[in-house]
Each structure stands twice: as structure tokens, then as C-alpha cells.
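Both complexes below contain subunit A, partnered by subunit B and then by subunit C.
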Partner chain A sequence: MDRNYHVFSDGRIERKDDTIRLVTDGDEKKHLPIENAEALFVHGQIDFNTRLISFLNDQGVALHVFGWEDYYAGSIMPERGQTSGQTVVSQVQAYDDTEHRRELAASIVSGSIHNMRSNAVYYDSRDRDLEAEISALEQAASRIDDGLPINELMGIEATARKAYYRTFNEILPEEFRLSNREYNPPPNEINSLISFGNSLVYANCVSAIRATALDPAISYLHEPGERRYSLSLDLADLFKPILADRVLFRLVNRGQITRDDFETELGSCLLTEHGRETYSKAFEETLERTVDHPNLNRKVSYQYLLRLEAYKLKKHLLAGERYEPFKRWW
Partner chain B sequence: MYVIMVYDLQADRTHKALKLGRRYLTHVQNSVLEGEISDGDLQQLRGEIEDLLEPGESTIIYELSSDSLLNRTVFGEDPTEDQRFL
Partner chain C sequence: MTETDPVTRLLETARGNPVDNPFRVTGVMMQYYHVCKRELWFESRNLEIDRENPTVVRGTRIDNTAYDENRRNLHLGMISIDLLEDGRVIEVKPSSALTKPAKMQLSYYLWYLEQIAEVTTDGVLAHPKERNRESVELTDERKMKVEDAIRGIYDVVSKEMPPPAVEKPFCDSCAYHDFCWC
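== the complex of A and B ==
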């Protein structure tokens, strides 16, 4: 029930009557129920003050900001309810221990390839010929070994991803061809959709990590030196195929997103506000979908799977329980 | 769980119920709110309503296990539409 709210309009968000209120530039006023909010995703030009920030902090609600061209610009996170020096120490120790780090990085790569493969298999069973790509993915998966240095693991992941992106051309209609995966800025429609989807997955992983005492900057597959929360990049790799890509395939194949939902300008191609809204809606619906969880013996939402992944990692680091990466099982 | 909350308070105190309800639900009409709510939040809301009410005032909460059980027809604009995409 912890919901994400997306604000696409321009205006002001403020604390009002112990909840949050959006006042748009057109002077429309809308109240958001704070009690079931997980995070606010701000895509428009929004003003706010410190009173709002303190309130969001008290309520444990994060604010994710998407800036120019809708790149992820940063988050205002609530003060940590959970601080645990012990967790951070174990996290760093695992990073510093070459063997341990390789083991974790290998798990992440294997989970991520498994999830890419499951998309390919699904579409293969729906009249696309993806056998070559599937075998390329399987081949990459078979090369994973705990003993490999990180850059080789990264290399395997990159090879797999390349094969995986080739499936996009088969899965999607002709006018949505992905010649190459490019960003900064994305040159065509499909790259732009991938970027937008990935940034939503990334921001949701930031929220999930924040719910634990893990430090989002200490990661295993990606280098912690990057400017971003690199642990979030690690986790996002596992979930991108399940969340972002499946939404993308569905919307484009059903014609819910068409070429009209993009604005092309000097080598960059970006989603229009309408396109972003369509995508975010489908994305949120996906986050709310539930699956039977075999170990927990109950239904859990996709969003909760992100949270579970952070818990599993923490438990592995603190209690030594084996870390099994998220692999689509249904 | 999906709930509908209606309240009837003294005229100069109605804003208190509205203010409380808005933290959990969507305001749809004068004295009426509705929306999806978790079991935990519902418990909390009930407690807060009890604390708020004075003699002679009342609040009613109708509960449905999900909004799919509710046959809901809206004439005119639907205030609950797209609450999460603003």
C-alpha cells in the first residue's frame, strides 16, 4: 500500500492540514494522502519550502527529483530511522574482501542475466524467433564464475545485455528499432523509453535501500566511486527487465505509446509529458502487481520484491546467510 | 481494503474531520471521503476519529474488501481519478 505519487504539473507542493497539497500554476489544489505515501516523484517544475521537507522527513516519505530532459536529478531522503554502524562495517568488509565481492557481483550478474533471459523466453513463445539471443544469454550465464575479476564479470554482463537488446528489434514493431543503446541524450524513441524506465527502477531501488541501514554508496558489481548511489545500480540491474522492459514492450506493442509521444530535437529524443504519464501509470500498476512468494507463503507486490532484495543483502552481510539474487520464478 | 467515510460534525468543527480524513483518503464530496487503505492505517484512523468526536457527532466508515466489489457510478467529474498522477 505504500504508493508513489507522480507530479507532472508545474506549481508548488506544501504542507497543509497535516498532509501534502499540490497547488498547480493554474491554481488547482489537490491533496495527497500522506499516510499511504512511499515517495513523491517530481517531474515538473515545483517549488517547496523547508516546512514541507521537515514534514516529509517526519512521515518517512522520499522526494525524487527528475530534472532537465527527465534525468534523475537526486532525492531528498528522510533522515535515517535505522542507523547501524555494524551494517556499514560489514558492507565495507565484504567490498574489501576480493573473494566476497566477486561472489556478490557474480550473483548479481547471474540474476540479471536470468531475468533478461526470462523476457526473451516469454516473447520467443509468442511467435518471435529469439533462439539465437537466448543461447547467447545462456552462454554468457555459463561463463559466470565466482573467481572472475569484477571487470570480467562486467564484461559478461555487457555481452549478455547486448544480446538481450537485440531481442528488442524482434519484439517491437519496425518503427521502434533500437540500433544501439545510447544515452546522454537518447537519440531515438526506444533509447529514450529505456532511459526513462531505468531511472524509475533506479529511484525505487534508492527508496528500498533507504528502508534498511545499508549504505547506498557501497556496492559490489558497480564501482562505489561512481557519482550515483551505486548499490542502487547493482539492485536495479536485477529488476530492469522485469519492471522497465516489460512495461515498455507492453505499451509499445499495444500502441499505447506511439511516435507522437516523443519530441525530437537536435540529436535528442525525449518523451512528452503525456508519454511520461502513460509510462509512469503502467509502471506503477506493475509495481502493485503481486506474485505468490514461495518462501514467505504469501502474495507480495513487485515493489516489495525490491525491498526484500535489500533485506536479503543485509541479512547476508550481517548473518552470513547465503545471498540468492532475485530471479523471476513465475 | 477500500473504505468510504462519511462524517457529521458540528458546523464549526467539520474541518477537523476533513483534515483527519485527507491524510488517508481522497475527499470526494462535502463530508465524504473514500479510498484504498491498509488494515494498519484503518486501525489508526478509527482511533483518531474516536478521539475527535464530541457528543452528538458521528462518523461512519463503510468497508469493502476491495474496490472491485463496489459498483460505483460517477456523474460529472470523478474526484478520485488519477490521484497519483498530478
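== the complex of A and C ==
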């Protein structure tokens, strides 16, 4: 699996011969090894031209843009020749069939709660008392039923997530309390870290989906149109605890991210460039971690798990085999 | 209503005659039928193939470079074949690991040429890496095998669901591997 490159400085990215080059506002020049890149993540103010876009397209590299306040602003995706009318038709048919959509939405909620619970269990075993939250998560999981309307499934997910976010206060040091999950803009450090991490998971899911012929706009748990790539919202829910949250816990507990890595202004609290760099670096290291895959009989990276999830969904839609959501097994 | 024999249906489709339910078989489908029926089902639905898979990359490269000057490509309805100057059909494979499926693919081309283009010729199965060539003739027995396989292919691809995954010695190098087992 190829790597992601993050650019935090302001400046310009340009094609230079057969590779690409970053020229910062301070006139520093840096080459980015394009041949093993999966995607470029642009966090600063960057200029580029159409020549760069064509080049990225030829190389099959995506460009994810993060705008004001670290929000995911959009992607420029390579074409890659992965289009299939048949795939989109089956995606839509599953969406339109109430039973089928509920079944998929229920699977996603069940995987998502399982993965939240696995974080809670891990920290419970490391001297935090999280029994109440774990039991709330289990109770939410037991209410999942294929036959429930989507808004009720959403409600179960929301209840579980609320219980899960209570664990953050036990897992993290006092000065990083999460009173409430808020965004737009995030009012404090912890909300800001969660938002940043979630948007990285989301963008990586966009890349994974686009590697198949699935249409990223047709989703099951979330309503299509909620965001441009609502299927990414569905898949991201499964992976946020494993990717974003574990990075957050590790960095904050080890003091690698402190309150100094944030800037507060006008009711919003955002990561500084240094904070974003620290987080992204740890996030990329996590994507490269590997785990034994029981069916593939080999080690796969966490990043490849996203790709496999897209394959699983596509296989379910076109071949009718049961979709088992990603549930952390290790 | 009696079902038309898939062989008849295929021939009618290839001749461009109106047919209720056109049926096509490509050379690759004939090969997959003898390698792995699940792979055949995936292929028939245009499902995932990992183009970055090392075996696929290697096969494509060998096919694009071997004997380049002496053969020309011909598209004929549902098949695409390579002809040598003497009119024989050549099929290039990177290794002789799966000889039977390759021979069936070649036999299908010869059968198709005879039925549709009314050309009788022989085939050559070549493994350039191993400097090894083998001749394939369309005997009566082979014709029967081809026609049985066409019926078998029809059975596989007309099913709603793919055949279940069964582990084979060559699964690890298959381009559908991750998609199949994930």
C-alpha cells in the first residue's frame, strides 16, 4: 500500500520533470516522491495549476484539501478507469430496498459499537474504571436490529457514541476534558483533536472507496447528500476508534501533544501547525501498522483494511455474499 | 418452455443472428472455467481485478513482448486471438503451471474459428520464459470438451451467486485473491 504525504506549509506545489516539488513561501524547495504516493494531504494555503492535476491523475494520486479550521474541504481524485454502471445500480437498489438498507446500516452500527467497545475494554484493562461505559455500549449493541428504521439505528449509534466519549475523560489527563462533543468550530482541545482525526479517517476512506468502482455518494447509514461522499461517513464510523482515537489517546497521554499545540481564538480552539504535524505523523505510522488477517493469511496494514472494507461492500452488493462489518479482532 | 442449448445460443450470438438471450464466452472465461469457477463468476460480472497484482503485471508484460514481430492480433466477435504468419493460433502464457486451462482456451479459439470463420487451423501454446512450445490440435474429443465446457460456463454464470470460495494451491497469486477472501 502506498503512502500519504502531508503538506502543512503555505506555498506552491508544482510538477517538476517527472516528480512533484513543494516550494514554500520561505522559498524552501522539497521533492515529494510521487511514485509511491497514495494521496497528498494539503493543510496549508497552496497554489497549483492544471498541469499538476493532470500529472497527479496520470500517477493515480489523490489530492485531499483541508481548509479553514482543518475541515475537510474536498478531494481531487484520479480517474483510474474504475467506473462500473452495474456497481452503481446495485448500490442504488440496496439503498432503495428498505430491508436491505436497514440490514447494511445495522451492520455498520454494530461494527462501529464493537470497535468503540474494544478501545474501552483496552483502557479498562489499563487501570481505568470504564465498566459503566462498557456496559452502556453493550446495551446499545443489544438493541441493534435489522428491522429498525434508519433514524432509530442512528439513535442507537448516537447513544453508544455518547457513552464512548465519556471514557475519554477517564482515559485522558484532567486538562483534556471533553465536556461535550462539539464542532463547527471545536470549542476546546479535545474536540479539535477528535475533529482533525476524524477528517483524516474520512479522507482515507474516500481514497479506499475510489479504488473500487463504488460511488462514494451512495450510502446506507448516513443519508446520501449529507456530505458529498456520504459512503465515506459510513465506512469512517467503523475505523475512527482504531485510527483516530487511539492516536489521540497515545499522543496526549505521552505528552507528545500538550495544550501548547493549540491556538484559541473567538470561541474556537485549533491545532497549531506543529500540533497537526505531530498528529499526522503518528496517524500515518498507525496506517502503516500491520495485523495478521485471518482470511487472507498474511499481514495487512491498517490502511489496507479500509480498502478491504470497500471490497467487502462491493462483493456483497454484486455477489450477494453476506457483508460482515470490520470488527477489531486483535 | 425449453431452454435453448447454450452452444447453439453462443453460435447464434456470434453469427449476429437475433437471439432472445445472447450468450458470449471469451477465451479468458474458458480458461477461468478450468482454473476456478468462482473466478469465472467474478469475471462475468466485471468484478474487481487487482491490476497491480504482480502475476497480472508479469503476464501482461510477457504477452506484450513475446514473439512480437511474428504475430498479429485479430478480433473476431467474442474472441481476440494472436495469429502466426503460417495461420496458426498462438497463445502465450508466462509459465506452464496451468497447462490444461490454457489448452482449453486455445481449443476454444480453434473451435470458434472453425464454426464461425470456417477456418481449420492448429494452435501453439508457448511459454517463452521456458523456451517451450506445444502444439494443440482440434480433435473430435477436444471439440466435445469445448462444447461441454460452454454448457458448464453457462451454468456457472447464470447463477445468482458465485460458487463458494475453495482454497487452491494457486489462490495466493490470483488477482481476485483479496476480493475473494476478504
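Everything below uses one rule, namely that the second predicted complex is superposed on the first by the 328 of 330 C-alpha atoms of A that agree within 3 Å, B and C clash if a C-alpha of one lies under 4 Å from a C-alpha of the other, contacts with A are read in each partner's own complex, and residues count from 1 in each chain.
The rule we apply is simple: a contact is a pair of C-beta atoms (placed from the backbone, for glycine too) under 8 Å apart; a residue touches a chain by one contact, two chains touch by 3 or more.
Note that the structure is predicted; figures quoted are calculated from it, not measured.
Of the two partner chains, subunit C is the only one touched by A:Thr212; subunit B is not.
With both complexes placed on chain A, subunit A has more residues touched by B than by the other of subunit B and subunit C. Contacts of A:Asn49 after superposition: neither subunit B nor subunit C is touched. By the document's definition of touching, neither partner reaches A:Thr98: not subunit B, not subunit C. Contacts of A:Glu277 after superposition on the shared chain: subunit B is touched, whereas subunit C is not. When the two complexes are overlaid on their common chain A, residue A:Ser142 makes contact with neither subunit B nor subunit C.
Of the two partner chains, subunit B is the only one touched by A:Asp18; subunit C is not.
In the overlay built on the shared chain, the residue A:Ser179 is in contact with neither subunit B nor subunit C.
Touched by subunit B in one complex and by subunit C in the other is not one residue of subunit A.
On the side of subunit A, the complex with subunit B involves touching residues 1, 3-9, 17-19, 22, 24, 30-36, 277, 280-281, 284. On the subunit A side of its complex with subunit C, the touching residues are 84, 86, 212, 295-297, 308, 311-312, 314-315, 318-321. Of all the residues in subunit C, the ones that touch subunit A in their complex are 41-42, 45-48, 160-162, 172, 177-179, 181-182. Remark: subunit B residues 18-19, 22-27, 35-38, 41, 44, 83-86 touch subunit A in the complex.
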